[in-house]
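The two complexes that follow have subunit A in common; it is paired with subunit B in the first and with subunit C in the second.
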Partner chain A sequence: MTYLSFIKTEFLVLWRRKQDVFNALLFFIIVVVLFPLGVNPSSDFLAPAADGIIWCATVLAILMAIEGMFKEDYTDGSLEQLVISGLSLSLLMLLKTTAQWLAVLLPLLLMMPLLAEMLYLPDGSFWVLIVTLVIGTPSLFLIGSIGAALTVSLKQGAMLVMLLMLPFYLPVIIFATSAVRAAQLGLPYLGLLAMLLAVFLLSLVIAPFMTAIAIKASTN
Partner chain B sequence: MQSSAFLTISDLWIERGERDLCKRLSFDVFSGDVLRILGENGAGKSSLLKVISGAISPLEGKVFYGGQEVTNDRHSLQESILYLGHSAGVKKVLTVEENLRWYCPSVSSSELHSALEALGLLSLLDSSVNTLSAGQIRRVALSRLWLSKQKLWLLDEPFSSLDAEGVGILEKRIMQHTASGGAVILTTHQDLLSLHSRDISLSL
Partner chain C sequence: MSWTWFHKLGSPKWFFHWSKSLALPLFGFGCICLLFGLVWGVAFAPEDYQQGNSFRIIYIHVPAAILAQSCYLALGLSGLVFLVWQMKIAPIFIKAVAPVGAVMALMALVSGAIWGKPTWGTWWVWDARLTSVLVLFLLYMGIIALQNSLNDVTLANKAVAVISVVGLINLPIIKYSVEWWNTLHQGATFTLTEKPAMPAEMWVPLLISTIGLYCLVAGLALWRMQTEILIREHRSNWVKQEVMKDGL
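This part shows the complex of A and B:
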């Protein structure tokens, strides 16, 4: 096994399992669509709430997608093969998380113009929302991969992943929605984006190692 | 050639849960060896293979490979071992060829064809593993033995779910491997038909 053949196979498996990604995205769209229907369809309510709705739905969809990230590898024994492959497990985990992130984020970004229009997101803050998604979601995936790795050997791990990881997701949600809101109000938002980037870099440094340790403990 | 051991296990002590397994186990593996690990269910046969491969850490004891201690840093050892565990490590959504290309990306298609032909899988090259039987999936996992260049094979119950013909093919391949200087450590409950092995017994 090489790093290249690993990442190729990851994308191939994601492509064959595109239904899973599609389910998470469908869930995302449903949550977003339910707000105007269930609460208030007027632009007075939706315009200021749009960024919050989109971010909450994103977090929920990512939590759904990430929970099963290692499940199949664990049951078919390939996780064990990764541990003993002689390659760096942290790097393999980083590659795997990157593949998962791309598979969810790219379709999510494609849908964004439509959803932003639907929620009356003010024009000026659309690109800020996109930037917060691009630099905010990697943190969610990286932190989430630790939780998914910790709970992979448990039968009822899904709820535990959410409980474990949600507190670590809060700073990302807060900084991301604050940045979009600041942009809507014409306030400086670069500082908030910088904080979001800092969270991303911090999780990029820590998460792959933690995930590798958790995987080793789980395959034991 | 037989004089120096390339893998040495000394004073190994494995703990699983609350149980102690393999108390103070020591043995050497020479090139050309077929080592069969015997023991009751739960005696720690699989755990021993996992410890050698580095998937789990021993409580005590040392592992030497090529004269160097590799107990804490298994990278040099892991490059020359091929471990096949209870679960085959074969991805169900991929085809047979895609699975093998994952593990052995550098093999040429003629090598791939001859390996699959030896195992009677050639016609299934493009079939999804989902559609294969347990014995066929085991054969897919075993075909890595034809494709990889690793010297030391750790095989955990390699004969399970294989038919008589499959067992014969695998034994022949193990013989070829040891004849060319490799070594094999395996666990099995079956009698080996044509292979001569050194046995190590684990007791509870």
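This part shows the complex of A and C:
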């Protein structure tokens, strides 16, 4: 096994198990639809809240998707193979997380113009929202992979992953929605994007190693 | 500098015997200090010129909030110690302290809500400090939940250590992000670098009750750790001797 063959397999598995990704995306859509139905469908409410709704739905969808990230590999024993493969486990985890991220983010971005229109997101802030999603979601996946790895041996880990990971997601949500809001108000938002990027870089440095430790402990 | 004391901490047996005589005095001293500080603060300290008598809840609110943060710091550091040195005592410490820290965070939240009603006119505001203590409480609950759901001890040790370390790294980020997001709360009561803004008759009892709560929590933690050591080492000879010493 090489790194290249590993990432190829990852994408292949994701492609053949499309339904998992679809489920996360459908969940995202359901959450977004709930807000106009449950709170208020008028543009007075939706326009200023649109970025927050989209981000909350994204976080929930990612938590859904990430929980099962290692499940299959754990039950069929391929996680153990990864541990003893002689390759760097942290790097493998990083590659796996990247594959998962791309699989969820790309369709999410494709849906974004439609959803932004449905939620009356002000035109000027659309691209800022896209940028926050692109540089914000990697942190969510990286941090979330730690939680998924910690709970991989549990049958019902979904609720636990949410409880464990939600506090760590707060900074990302705050910086992302503040950036979009600042853009709506015509304030400078590059600083907030920089903070978002900083959180991403920090999680990039820490998360793969922590995930590898958790995987090693879980597979013993 | 000799590191023997540090290596000795790796042995549950040594730790058990060392801490046995320490827990009760610490706990007792803490109780007395806390009671002294509370009585002084509630009954004898001068009234606040702005908030009147309602400020007196500070004598329980601030110590609890400080302890909630300190417990998490200790949790994160011992998680790091476990990941680096594989010290057996570290996960025992985490397991013992996490529920205590959660109670402290809850106490800070509840007393803060009670204090908020007369001063801000509301039980809860989405203010930076309140939110970060709430997040701290959730972090504690996550650690406790993870600890309880993993049945395998070695895995639970590792998992809890990992999440504590990640939490320790993230806590400042969470705190500052929330701070920029919204701030209404008054500034910190105690800082190490500056003189407190309140008169001595007000902050001395606060300091005493804080020290008291620290000692109380330390004693409590040692007790809980001893119990956990006995449970985990129940197969070893020294535990059998220890338990049988006073007869069954």
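Here, the second predicted complex is superposed on the first by the 220 of 220 C-alpha atoms of A that agree within 3 Å, B and C clash if a C-alpha of one lies under 4 Å from a C-alpha of the other, contacts with A are read in each partner's own complex, and residues count from 1 in each chain.
One rule holds in what follows: a residue touches a chain if its C-beta (ideal position, glycine included) is under 8 Å from a C-beta of that chain, and two chains touch if they have at least 3 such contacts.
Remember, it's a predicted structure, so these values are computed and weren't measured experimentally.
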First (subunit B), second (subunit C), both or neither touched by A:40: neither
Partner chain in contact with A:146 - subunit B first, subunit C second, else both or neither: second
Partner chain in contact with A:171 - subunit B first, subunit C second, else both or neither: second
Which superposed partner A:210 touches (first subunit B, second subunit C, both, neither): second
Which of subunit B and subunit C A:6 touches, first, second, both or neither: first
First (subunit B), second (subunit C), both or neither touched by A:163: second
Touching partner for A:154 - first (subunit B), second (subunit C), both, neither: second
Contacts of A:199 with subunit B and subunit C, given as first, second, both or neither: second
Partner chain in contact with A:78 - subunit B first, subunit C second, else both or neither: first
Subunit B and subunit C contact sites that coincide on subunit A, given as residue numbers: 220
Residues of subunit A defined as touching subunit C within the complex: 143, 146-147, 150-151, 153-154, 157, 160, 163-164, 166-168, 170-171, 174-175, 178, 195, 199, 202, 206, 210, 213-214, 217-218, 220
Partner subunit B, residues of subunit A touching it in the complex: 1-2, 4-6, 8-9, 12-13, 16-17, 72, 75-78, 80-81, 83-86, 216, 219-220
Footprint of subunit A on subunit C - complex, ascending: 83, 135, 138-139, 141-142, 145-146, 149-150, 152, 154-155, 158-159, 162-163, 165-167, 169-170, 173-174, 177-178, 180-181
Contacting residues of subunit B [partner subunit A, same complex]: 53-56, 74-75, 78-79, 81, 83, 85-94, 98, 101-106
